[in-house]
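Should a chain be cited, it is by its letter among A, B, C, D and E, assigned in written order, with residues numbered from 1 in that chain.
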Amino acid sequence: MLRIAIDKIDSLFDAIAEKQTLYIPVDREDGAAEYKKYESGMKMSNSLNTLRSAKDFFFPQTENLVEFKMEGKQIEVKDIREESEDFVIFGVRACDARSFSILDKVYLVDPVDSFYKNRRDHGVVVSMACTRPAETCFCSAFGIDPTAPEGDVSCWNDGSYIYFEANTEKGKAFVDSISSLLEDGDASSLENVKAETKRILSLLPLSNLSTDSFGGDKLNEYFNSEKWAELSESCIGCGTCTFVCPTCQCYDIKDFNTGNGIKRFRCWDSCMYSDFTKMAHGNPRISQLERFRQRFMHKLVYFPANNNGEFGCVGCGRCLSKCPISMNIVKVMKALEVK
Amino acid sequence: MQRIGVFVCHCGTNIAATVDVKAVAEALGHEPGVVISREYQYMCSESGQNLVKDAIKEHNLSGVVICSCSPRMHENTFRKAAAAAGLNPYLVEIANIREQCSWIHKDIATATEKAVILGRAAIAKVHLNAPLTAGESPVVKRALVIGGGIAGIQTALDIAEAGFEVDIVEKEPTIGGKMAQIDKTFPTLDCAACILTPKMVECSQNEKIHIHSFSEVTDVKGFVGNFSVTIKKKARYVDETKCTGCGLCTEKCPMKNVPNEFNMGLDNRRAVYIPFAQAVPKVATIDPNYCMMLKTGKCGVCSKVCSVGAIDYKQQDKFIEEKYGAIVVATGFNPIKLDKYEEFAYSQSPDVVTSLELERLMNAAGPNGGTLLRPSDKTHPHTIVFVQCVGSRCDDSKGKPYCSKICCMYTAKHAMLIREKYPDTEVYVFYIDVRTPGKNFDEFYRRAVEQYNVHYVKGMVGKVTPKSDGKLDVQASDLLANEQLHIDADMVVLAAAIEPDKTARPLATMLTTQMDTNDFFTEAHPKLRPVESATAGIFLSGACQGPKDIPETVAQASAAAAKAIGLLCKNSITCNPCVAHSNELMCNGCSSCEKVCPYGAITYQDKEFRMPDRTTAIRRVASVNPAVCQGCGACTVACPSGAMDLNGFSNSQIMAEVDAICK
Amino acid sequence: MQVNDNKEFQPLIVAFCCNWCSYAGADLSGTNRLNYPTNVKIIRVPCSCRVNPMFILRAFQRGADGVILCGCHPGDCHYTSGNYFTRRRMTLLFSMLDFLGIERDRTRVEWVSAAEGAKFAATMNEFTEAVKKLGPNRRLEDLRCKKQ
Amino acid sequence: MQEAMINKAKQLLADGTVNRVIGWKKGEFVYDITPAIFETAEELDADFVYNEFTAANVSKYLVKESKKEGKILAFLKPCDTYSLNQLTKEHRVNRDNIYVVGIPGGPKLDAEKIKAKGITGITGIKNENYTLKIETVYGEQTMPFYEAISDKCASCKSKKHVTYDELIGEDGDVLESNRFDMVEKLENMTAQERYDFWRAELSKCIRCNACRNVCPACTCEKCVFDNPESGVENKAASNSFEENMFHIIRAFHVAGRCTDCGECSRVCPQNIPLHLLNRKFIKDINSLYGEYQAGEDTTTKAPLNAYTTDDCEASIVHERGVE
Amino acid sequence: MNKNLQEQVIRTSGVNVLKCMRCGKCSGTCPSYDEMEYHPHQFVYMVEKGDIEKLMNSKSLYKCLTCFACVERCPRNVEPAKVVEAVRLAAVRQQGNNHLIPDQIPDMLDDDLPQQAIVTAFRKYTK
């Protein structure tokens, strides 16, 4: 298997960054990790995951769609789309790696979202297998194996070396482009690492979380559940869960009047917000209960109903640690679960 | 879609000389929503206004922008024109391209560019203007006159004559003011008392007029048509209703050495006193600073001699509250203090006096019974020097910057009277300019020179030095003879500058009216609204607005009365529609707005609302009384949710202006 | 911001003036032909207390390089107390902008009476110079609003 | 304490004083505690929790709850009572419908601080003599208790309950706190340093509105930033200006009303020290207009709704501190 | 009229002669009035007109005691003494015009005159 010694990883990053933009997770001063554009000397974070998910690379929080220039009474419409540059995201965890395929199911089906596709086509996802899962992790519940992450290229770390395996054409091309820096080596030590990780996974408090009772077939039952009132009662209606979530994909389109013209942009929206999907007649979901229900019904019921049973959650656990009032999908699943 | 008309005024060359008005009209014509853009010589002229009116009708305009002089000048003119053409007057906005553009800039290119930007801002604002309708509020049919001098008296008489109740608040124990202290009046030389006292009596006898003497205004609330005023009736320790004004107490009081302010301190009065014989109300007043009974509890002579038992040592200040539709300010003037002008030896020699002191010295009711005697030795003065412009026309650091206006004439009067009564007395008047515009004024001055042989010397007195022989060495320059004079004078009379009364400034704050830097009240317009303050319902009478002689004061007093009567005649007045209003759906009921409202215009109610989640809820929401609100906008910023907004200056309008300017 | 080719930086100054004192003071400086730069653009408000901090930030967002707020002298407010509230609000707002590292000289409150035409012109000259020295507003700018 | 609280709640439910109880409900882990409303003794027994992780300030929920039928029992920590008082002052809650039981406050712990030590896979946390014994799937770990104290409790301003109907335990005192230290440190930096500091912090903002939505002073029916009519509405922190605008205006809107409960910083998913903005206003207000503690009572005028004729001029900003 | 000289005098004096309202109080107050050919108010007026040379050639220049009475009492803050001083400076600065020669000094001496005054005067009036 192709590998590189961990102490030489910097030279690998330098080599990649020379050809294209490279993003790696780095530690911030406050201890949280975030993706940063690689510059020589940056150290890759060892933490389990980044505070914000990796979806920003393909679906950024705000993005301009079109511009209208106004000169007196004349209006000119400007298409501002540009071909994206090639880039590499390094160190994506299995949960986030899976989230891209969920986003693809939304944005790459007809009608294809050209802005999303443009980025997707130019981005190489290099994922990294987990070794120290946290108590908030529950990716296994969604069939994700954190020791075998998806992505264009998968990587493993045995403490001394990082091993590479290309999964796609794009991935192969990428590995080829850096092959001069890699060596072929024995990957047997990885088996122990994977086994240990799996042992830990089985000890995690959420290891027994089951998705069995969710999916598209019990829509009405869940929709009408009496539990929603109690579950949503303490929700403060902020957007934290949706904004840290790697799979939340809703956006709003807004116009910004610059004084000289209009910039039409889209930005992440949150179903927790009171003006979510507000239309001319008003808002279809008028209470926080309905908005709260929407988020979880979407992930656990509507999404699998439309996508062959695939759930709209990857169990990354970000919402578990970030919700201001500690209400989250796990608590919802456990409360709604039909035993 | 808006249909906006833009009209750019040349203002003759006032604007057109520095702003390319054609280019402005052209540029603004391309703005979104503008359907017509014209320029014209004088937009405010009748034909200019017709241009606007015709365009409104012809193009069915939904908004009008006039690029012209300051909105403070002609906003109302154009609003009225719009209204006449059927457009809501509040759909008119003014871009100030004269005072704030053409007059301050010299470069045509940049001034034109700025004019276009100001025009754009006005267009951006008018896009968001809403038609406003003025509400109405009732008028209390009663007027308050603050100050009981000749100005206040005349105003009160005129208002009472028209059939309205009037209250006069006078801080002294009697009305009459400065005119009561004056001996003769120019240019007719008739006796001031003879023409003033009948008016004072008329005031006291007119049943519509109520005099609050020895009283002060302590608080003013409310607004035009509906002021609520608190008046402090200071304790005079004499029951006004009982005192007959017999004056016995003022003769028996053992405290004899109280400086008599009516005679400018040139003689003494008692601790209980009536300022002068013709005082109105003719009621005694006890001066608590000197009365032994009030200070030590020992005496009580006045109480013993008073046959009607009017003396009341226990009297307290009393506060009364009254409602008025209009308030007339007539607080008058005082001569300035002369301690800054020691070169004239005012504090060194009793023979250096102010003109007002001279009035008392020459007055039959004055300290010398009308015979002019030197204060120092009571001898007849043979040489008298008058010094003009003492403290007037000065650099700010040296005195008052303005001309006190009355000094030239009263000095001519004094000189003439002295020469007539004492032909052996030489009179010198040192002047810078002799200013005598006024009917029969210059003739009067010439008479002093030609008929009475008063020596008018062009020049200024530099120094007055008291000499050991009791004379005063007056050192002065005679600019025409180009020589320095030394005159041995017996008396020197200083024409001290006049200044507004000290009570005017705090009163202005209570009334929320403006004053200039000299503490004269500012009129709403220097030419077109000279007797009104900028605050609706507050009128200005007499010298509180600027230096004036008696005829001018009386004229203004009557003018102010006419304006007040015009207001009081109405049953209700139209309110300013640019007032705050609360969007009840967004209001939190937090009371922030209420706490910053200076008028108490905001109240709260519990109302039932249908909430976004289709439940009903009782919520506490603010509502604004549009008749009370004056439209300052303090509440709009105190309100965190933006529920409170201001008509005519809404958040969105101001932000649109900001955007247009910063574009 | 207006930048003419090769010419010195011309800041855009937004001046909020209360209708009763400062706007009249600005008119007076016009009546007396007292010059101040065209950089200054005045917005009339009924009282300085009408000025919401949001307006000030808005001006910076849209391209202003300096914002000055003028009102009646304390004690002379046409509405009795408006400028006292202004004084507290703006003191705190400016202190906050300073706390965030925004240049202090970009904001100012000045009391100008209706009689102080000369002071108005002098203040505007002085403020424009001060902002000129700071250069274009970068720390509170919104790049979207830059004219391309 | 938890025991006493449950008993008190049961008693007040039983005697009809209240029909609901607002408190905290236990979660999946030891630290993920959710504010919740309990209606029966059974619910209390099953889920009510009060421990080192019950940091959430429940007073804001009372805006809605106090308008409902019947009285609600609210367990309030000292800092929470300030929030309630402020809400009462602003007529946002119906105090008559709330039965306040004052309970001793912190120090509360912040799970993020434990995780920041690299401790993960947490299955249990015990406080033994101010040493935290943390059970994890990777084995037991320890850390000093004080290192895990949440920021809001580390600079606690008061242990006194300013409003209550009943107390469990002793009432405390207003404390001399060090809460302005960081503000002062920033004030003493250069403008460029301050700018860089705040740019680094505020650029993290994802505009999730957690700070606003959790803030007991932000109870507007509709926030200006959510209202398209307001002209400043914005859903995303599109650029540095929007980030500044939102946080400056939010701080300004709560200036003189913020009780310094620290919830904004506690809930910020990006760990932005938002409370520093509020504390800057509090510090300025204290030094310029006299000591003022929002929520201390229900009658004093808020400093921005009041004035004195001899207040300092805005130019004081130019005259003090570091340029 | 000499524009350059006028500007020099106005600049060095720092006086705005246009503020004068021609009241003559300076001359009314001047203790050296009778000694002077041109009086304080004339200094101000002639500087305004630009009639500087006449003043420079006049002995009045050296009669002003610089007592500042005119400055103190001028209602308009015109400060005539500063104008006189500025004209004096203009005269002193003229090349080659020594207004005091050492030979004159012994005649001027008396017991009350401080030596410092002689030195100052010499410095002031010679080039």
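Definition applied: a contact is a pair of C-beta atoms (placed from the backbone, for glycine too) under 8 Å apart; a residue touches a chain by one contact, two chains touch by 3 or more.
Worth saying up front: this structure is predicted, and the values here are computed from it rather than measured.
K.L.:
Suppose you hop from chain C to any chain it touches, then on again the same way; how many hops at least until you reach chain D?
P.N.:
1
K.L.:
Taking touch as defined above, what minimum step count separates chain C and chain E?
P.N.:
Each step joins two touching chains, and the minimum needed here is 2.
K.L.:
Comparing A-D against A-B, which pair counts more contacting C-beta pairs?
P.N.:
If we tally the contacting C-beta pairs, A-D comes out ahead.
K.L.:
Can you tell me which chain is nearest the middle of the complex, judged by mean CA position?
P.N.:
It is chain C that sits nearest the middle.
K.L.:
Please work out the Cα centroid separation of chain B and chain E, and write it as a whole number of Å.
P.N.:
Comparing mean C-alpha positions, chain E is 46 Å from chain B.
K.L.:
Using the average of all C-alpha atoms in each chain as its centre, how far is it in Å between chain A and chain E?
P.N.:
That gives a centre separation of 89 Å.
K.L.:
So how far apart, in whole Å, are chain B and chain C when each is placed at the average of its C-alpha atoms?
P.N.:
About 31 Å separates the centre of chain B from that of chain C.
K.L.:
Return the distance between the CA-based centres of chain B and chain D, expressed in whole Å.
P.N.:
About 54 Å, centre to centre.
K.L.:
Of all the residues in chain B, which ones touch at least 2 other chains?
P.N.:
Within chain B, residues 596, 638, 651, 655, 659, 662-663 contact more than one other chain.
K.L.:
Going by the touch rule set out above, which residues of chain C reach two or more other chains?
P.N.:
Answer for chain C, listing residues that touch two or more other chains: 53-54, 58, 62-63, 75, 81, 85, 89, 144-145, 147.
K.L.:
Scan chain E for residues touching two or more other chains and write them down.
P.N.:
None at all.
K.L.:
If you go through all the chains, which pairs of them touch?
P.N.:
So the chains that touch one another pair up as A-B, A-C, A-D, B-C, B-D, B-E, C-D.
K.L.:
Show me the residue ranges of chain A that touch chain B in the complex, using the header's touch definition.
P.N.:
Per the touch definition, chain A meets chain B at residues 70, 72-73, 257, 259-260, 274, 282-283, 286-287.
K.L.:
Going by the contact rule at the top, pick out the chain D residues touching chain A in the complex.
P.N.:
For chain D paired with chain A, touching residues are 27-29, 31-37, 56, 60-61, 111-112, 115-116, 120-123, 136-138, 206-210, 212-214, 226, 234-238, 263, 266-267, 269-271.
K.L.:
Okay, in this complex, where on chain B does chain E touch?
P.N.:
Residues of chain B touching chain E: 343, 389, 393-395, 397-399, 430, 432, 458-463, 475-479, 482, 484.
K.L.:
Using the touch definition up top, name the residues of chain A that touch chain C in the complex.
P.N.:
Those residues of chain A that touch chain C are 256, 258-260, 263.
K.L.:
Hey, which residues of chain A end up touching chain D in the complex?
P.N.:
Listed in rising order, the residues of chain A that touch chain D are 30-32, 48, 51-52, 61-62, 132-136, 200, 203-206, 230, 233-234, 236-240, 242-244, 252, 254, 256, 265, 267-270, 273-275, 320-322, 324-328, 330-331, 334.
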